[in-house]
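A short write-up of the structure that comes next.
In order of appearance the chains are A, B, C and D, and numbering begins at 1 in each one.
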Amino acid sequence: MVDESLIEGRPGFPGTAPSAGGMGGMGGFDNPPMIMDYAQALNQALREEMRRDPRVYLIGEDIVLGVPFGVTKGLADEFGPDRVLNAPISEAAIVGSALGAALTGLVPVVDMHFADFVTCAMDEVVNQIAKSRYMFGGQVSCPLVLRMPYGIGRSAGGHHSNSVEAWFLNTPGLKLCMPSTPADARGLMKTAIRDPDPVLLFEHRGLYRLTGEVPEDETLVPLGAADVKRPGRDVTVIATARMVHESLAAARRLAGDGIDVEVVDPRSLVPLDRDTLAASVRKTNRVVIAEEGPMRGSAGTWLAWVVMEECFDDLDAPIVRVAAPNIPIPFSPPLETFAMPAANDVVAAVHQVLK
Amino acid sequence: MVDESLIEGRPGFPGTAPSAGGMGGMGGFDNPPMIMDYAQALNQALREEMRRDPRVYLIGEDIVLGVPFGVTKGLADEFGPDRVLNAPISEAAIVGSALGAALTGLVPVVDMHFADFVTCAMDEVVNQIAKSRYMFGGQVSCPLVLRMPYGIGRSAGGHHSNSVEAWFLNTPGLKLCMPSTPADARGLMKTAIRDPDPVLLFEHRGLYRLTGEVPEDETLVPLGAADVKRPGRDVTVIATARMVHESLAAARRLAGDGIDVEVVDPRSLVPLDRDTLAASVRKTNRVVIAEEGPMRGSAGTWLAWVVMEECFDDLDAPIVRVAAPNIPIPFSPPLETFAMPAANDVVAAVHQVLK
Amino acid sequence: MYAGMVRVRSFEERVRELFAGGRIPGFTHTSIGQEAIAVGVATALAEDDYVLSTHRGHGHLVAKGGSLRGLMAELYGKATGICHGKGGSMHIADVSVGYLGANGVLASGCVVAPGVGLAIKRRGSAQVVLTFFGDGAANRGPFHEGVNMAALWKLPVLFLCENNRWASTTAHALSTAGGSIAARAAGYGIPGESADGNDVLAVWDAVSRAAERARRGDGPSLIEAHTIRWVGHFEGDAQLYRSKDEVAEGRQKDPIARLRASLEALGLLDEAHAARIHEAVAGEIEDAVAYAEASPLPAPDDALTDLFVHYPWRE
Amino acid sequence: MYAGMVRVRSFEERVRELFAGGRIPGFTHTSIGQEAIAVGVATALAEDDYVLSTHRGHGHLVAKGGSLRGLMAELYGKATGICHGKGGSMHIADVSVGYLGANGVLASGCVVAPGVGLAIKRRGSAQVVLTFFGDGAANRGPFHEGVNMAALWKLPVLFLCENNRWASTTAHALSTAGGSIAARAAGYGIPGESADGNDVLAVWDAVSRAAERARRGDGPSLIEAHTIRWVGHFEGDAQLYRSKDEVAEGRQKDPIARLRASLEALGLLDEAHAARIHEAVAGEIEDAVAYAEASPLPAPDDALTDLFVHYPWRE
């Protein structure tokens, strides 16, 4: 279970402030602490996988110093400039080169800096990376990871707040995961790196400083395994990334009203663990879906469809969705807060689905 | 009503063969024929709007000769090279420049050549075009049209068969339409050009040679107005673009079994005419959604959600969807046919929703 | 020009304080040390010329004559901001002075600019459009596509690279093969010029010549202006990647001090006059701050306006 | 090299016939007239060097030693095709000979190639990777980003532009500012060379030198090979945009006739020998056609295989 201390507060945009967990200049986690933050957990996963497999390398902008989120901090010290490549500001070449390297023997982990900038390498992701293995009749595989720091928060504005996961859900040939806790972040990153296919790992930038327990031994979280973050009887809330925490906060509040909410985190969207979702819905018969992307045509839209497909007859009420409105994310705090789905919205949705 | 003569056959990929309608070297339609094909209807709309408004210009690759689909053929003869610009192969600059021109007084109509290549200008579409007006607090408007020739067919293969509309549905700030007939093509193109906001017009390349009646007078088809292409009592089939015709073919076959299918064409996805969709569903209580995009996270996924939201209690059976499987579109004819949704699939879906 | 640079510097210094004091939310990239470029450009351009800017755009807007009140209120996220709080530092625009937008996506202006050039050409006016971009941004594809298109069609576009030696933590030399951005112009058959970006007159001169050329219909030019940023890449940057010497070098090449020395030598400026300028500028900026402080925040559901011209749609 | 060019030419001519006869579905772009480039490149490269190709890629693959049977069967869309019918003309690959794929999206290879270069560099082998692209494609952003990255990191990458004067209906001069693609190399500090793409020896020479340089660790080169395409942009192209003279010029500069004349002059080839080559090549090609004709089509639901390594997922 996650440490929930940070949940009520709006998770922040961390800048380069030293992390609470003190990963500062240490450069390593030989004895992983039991408690670490999401960024440290990702850092540890990268370090472990780079030690395990010399084919793994990192490429992206400003990753030697790990700016702006600290995820890759210290790795250049251990693995050197051949395995931690600060690239020019050339997203198409960063992503395209990862494909070339993956096809010929390496395992790239690409830092998109902000998921928003995948728009500058969209052909490379959807036409080249996603399709190479298929179009070439299985002659090649394409083992690479795209790290997609994303999320709304801290007035980052329209160009640094896009939720783009739905585009890639709609692009056959890619796997997608969205960890919500430090443990899941570490476990999914390790799995993604070992997976022989391209995996997009969405890291919510509002969670980087969220701390939580991480198992001491090397635990892989499989793709396609949802996780019940909180069991409950009355309503199923299917939530991703930051909205898992907002939903847990909502569940605590609703518990006070005697409403017992189950929070299910799919963890990976492709492949999707339909069984765990369906089992929860068959138990509660009422569903809320909570995400951060814009309402129209989002990943949550797909999750709603899956629930309909699996459990139409089990539903006692129409599904209620929590998502951002269909606008770019505005800058000013009150506007951004308006656009950013939160625990309140989940509480309201649960009340609505119980009506 | 459309001419349905071409519907049973698989609509083709036209290359540069002279069109059946004889638009060849004529260079104009001063007296519009009552029957024309979809490409001619688009051509006429462009011509009329360029005559009406000197701010309108066309930009794209190979549009002077109108290669490969003939939509812009002859327009350079009438309007000259200042208004029909053959651009270098620079999709980002083609689309980005359209924004610059739109912000400063022109009305660009951009030919994406194939919708697939919007991946080469993705930042320009989703971060620049979609967001400029909003982020700038309404100081500017952005009147431009992106023509998106798309669709599966004729073994075009993985890089020329993408259905990308769902990505833009999920991008606030864009309007989207998908004409299925020559009349709608002309009417929606004219509306799109006059609209003060950016509009993506998806032209299905399998429909370019489809002929149909087009009103002699200038008829605008509003955005946000669905059209009932065939009234029926038993099942509502919501279909877009080529799937409208496949659904009409399916309806004719099903009529033989005494099943009366209503075919509803949303025509525009943003804005979406929820009322017409809902009215149909309230009448039939059973819904099939038919589209060409891949099943996961597609535009049809969104339409299914809208139906659930509007009409949950009116549904007598779970919605059934017809879409492509979650694979890139393969080259070889039997594989492509397998991946390409068709009338058969709609017939099967209707039987399923009636079970 | 002196007043212009002082205005930019003072504005940015005030922004830094306000950011540190928690008054300004979001990301903020200031242009302290780089004022000569913004002001040299704005002086060389006419009022109705257009500018496309970057994430480091306050100086460009201040120099182009944008309203300090509107800009400061926007940085605060206030309803009275130029963009009603929707844009903020990285996505601000002031169309009334031809400033067509900062940009959170690097190099995007390079492809937008040719379209502005097309519109100018169509209306037959003598305007030009100038797009700013950084040395880091110059490595993105849009640079290539935009320069090629503008050169091909002889559009009145100026490409102005602010080379401040760094793209965030990455040194120019480690991201730019060949080292010179100006040298890339030759490949497109257009003039490429390297200018001292710490010398406002040099920038003014280079941009003036390029603008004249563009107005004559001879097409675009590329100017690489070398400068030094004195402060962090963004507010909060620990700057572990560079030595203090560089900032010292920057201060030593201070474009404001330099112009002042020249003007004083020419007898065009004296202590008293300079003091009046500084005072006047300080007054303008305090006025802007006071305005921003006093302005209301937008109502939360103002978030739903300004998306489309005909608002609202049904969904 | 003579046999190589004859093989490419004959293959492409046969493809045209088969396409016209409805045996080959899809889009097809042939390289007739451009054989000297494919063969000059393949001769200069080693067997384990890599190539990234374009929409006009048959010749590159034939020259690199790809299986004619596998290639022809792929063009037919047969189950025995190299890609089991999933790729077709524009998305074919034969990894066994280092051919990492044709590409339906222009210039994409320019950014993939640096990654292949990185992998080569990491394993410390003496390999190189060469990416083909057209004169039209050179105007896309990936050209700029890929060349810069490869030059910056001194990667063993060769950028080979096939300048056949046209990008579909658009003349080179109307899409490329400055006119020369080779000249753009200077901006990145790498060698840029213009070669006669109708002379297989000139291509071989230029590529050999560039490859040697790359193997030495001195980084990438850009080669622009000028040639003429004799036929339409794609099969079915009415070619309204160009005069017949150009094709006549192409035929007059026929790279195959040219090499043959040289070889004959040197006494290295005579009528009888040439006839044997043509006959042998014709035999190979007819064998490939017969193989393709006799091969089964894939089963429709084979469409569901090859997406992921561990197939199937639940959805």
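The rule is simple: a contact is a pair of C-beta atoms (placed from the backbone, for glycine too) under 8 Å apart; a residue touches a chain by one contact, two chains touch by 3 or more.
In this text, all values refer to a predicted model and were calculated from it rather than measured experimentally.
Undergrad: Which contact partners do subunit C and subunit D have in common?
TA: A, B
Undergrad: Could you leave subunit B out and let me know how the rest splits into touching groups, if at all?
TA: Drop subunit B and the rest stays one piece.
Undergrad: Centre to centre, using CA atoms, which chain is the farthest one from subunit D?
TA: Result for max centroid distance from subunit D is chain C.
Undergrad: From the mean C-alpha coordinate of subunit A to that of subunit B, what's the distance rounded to whole Å?
TA: The separation of the two C-alpha centroids amounts to 33 Å.
Undergrad: Nearest whole angstrom, what separates the Cα centre of subunit B from the Cα centre of subunit D?
TA: 35
Undergrad: Just how far, in Å, is the C-alpha centre of subunit D from the one of subunit A?
TA: 40
Undergrad: Enumerate the residues of subunit C that touch no fewer than two other chains.
TA: Within subunit C, the residues that touch at least two other chains are 81, 83-87, 91, 103-105, 139-142, 145, 148-149, 152, 174-176, 307, 315.
Undergrad: Mark out which residues of subunit B touch at least two other chains, giving numbers and ranges.
TA: Subunit B, residues with two or more chain partners: 87-88, 90-92, 116-117, 119-120, 123, 127, 131, 134-135, 157-159, 172-173, 270, 296, 325-328, 330-331.
Undergrad: Draw the chains as dots and join the ones that touch; what shape do you get: line, ring, star, complete or other?
TA: complete
Undergrad: List the residues on subunit A that touch subunit C in their complex, please.
TA: 15-17, 61-62, 64-65, 67-68, 86-92, 116-117, 119-120, 154-160, 295-296, 325-328, 330-339
Undergrad: What part of subunit D is in contact with subunit A in the complex they form?
TA: Going through subunit D, the ones touching subunit A are 50, 52, 81-87, 91-95, 100-101, 103-105, 108, 110-120, 122-123, 129, 141-142, 145-146, 148-149, 152, 305-310, 313-315.
Undergrad: Can you tell me which positions in subunit C touch subunit D when the two form their complex?
TA: Residues in contact with subunit D: 139-145, 147-149, 151-152, 174-180, 183-190.
Undergrad: Using the touch rule from the top, collect the residues of subunit C that touch subunit A in their complex.
TA: Answer in residue numbers: 25-27, 77-78, 81, 83-91, 103-107, 136-137, 139-141, 167-170, 174-176, 234, 236-238, 240-241, 297-304, 307, 315.
Undergrad: Can you list the subunit B residues touching subunit C in their complex?
TA: 57, 82, 85, 87-88, 90-93, 95-106, 108, 123-124, 127-128, 131-141, 172-173, 175, 196-197, 224, 270-272, 274
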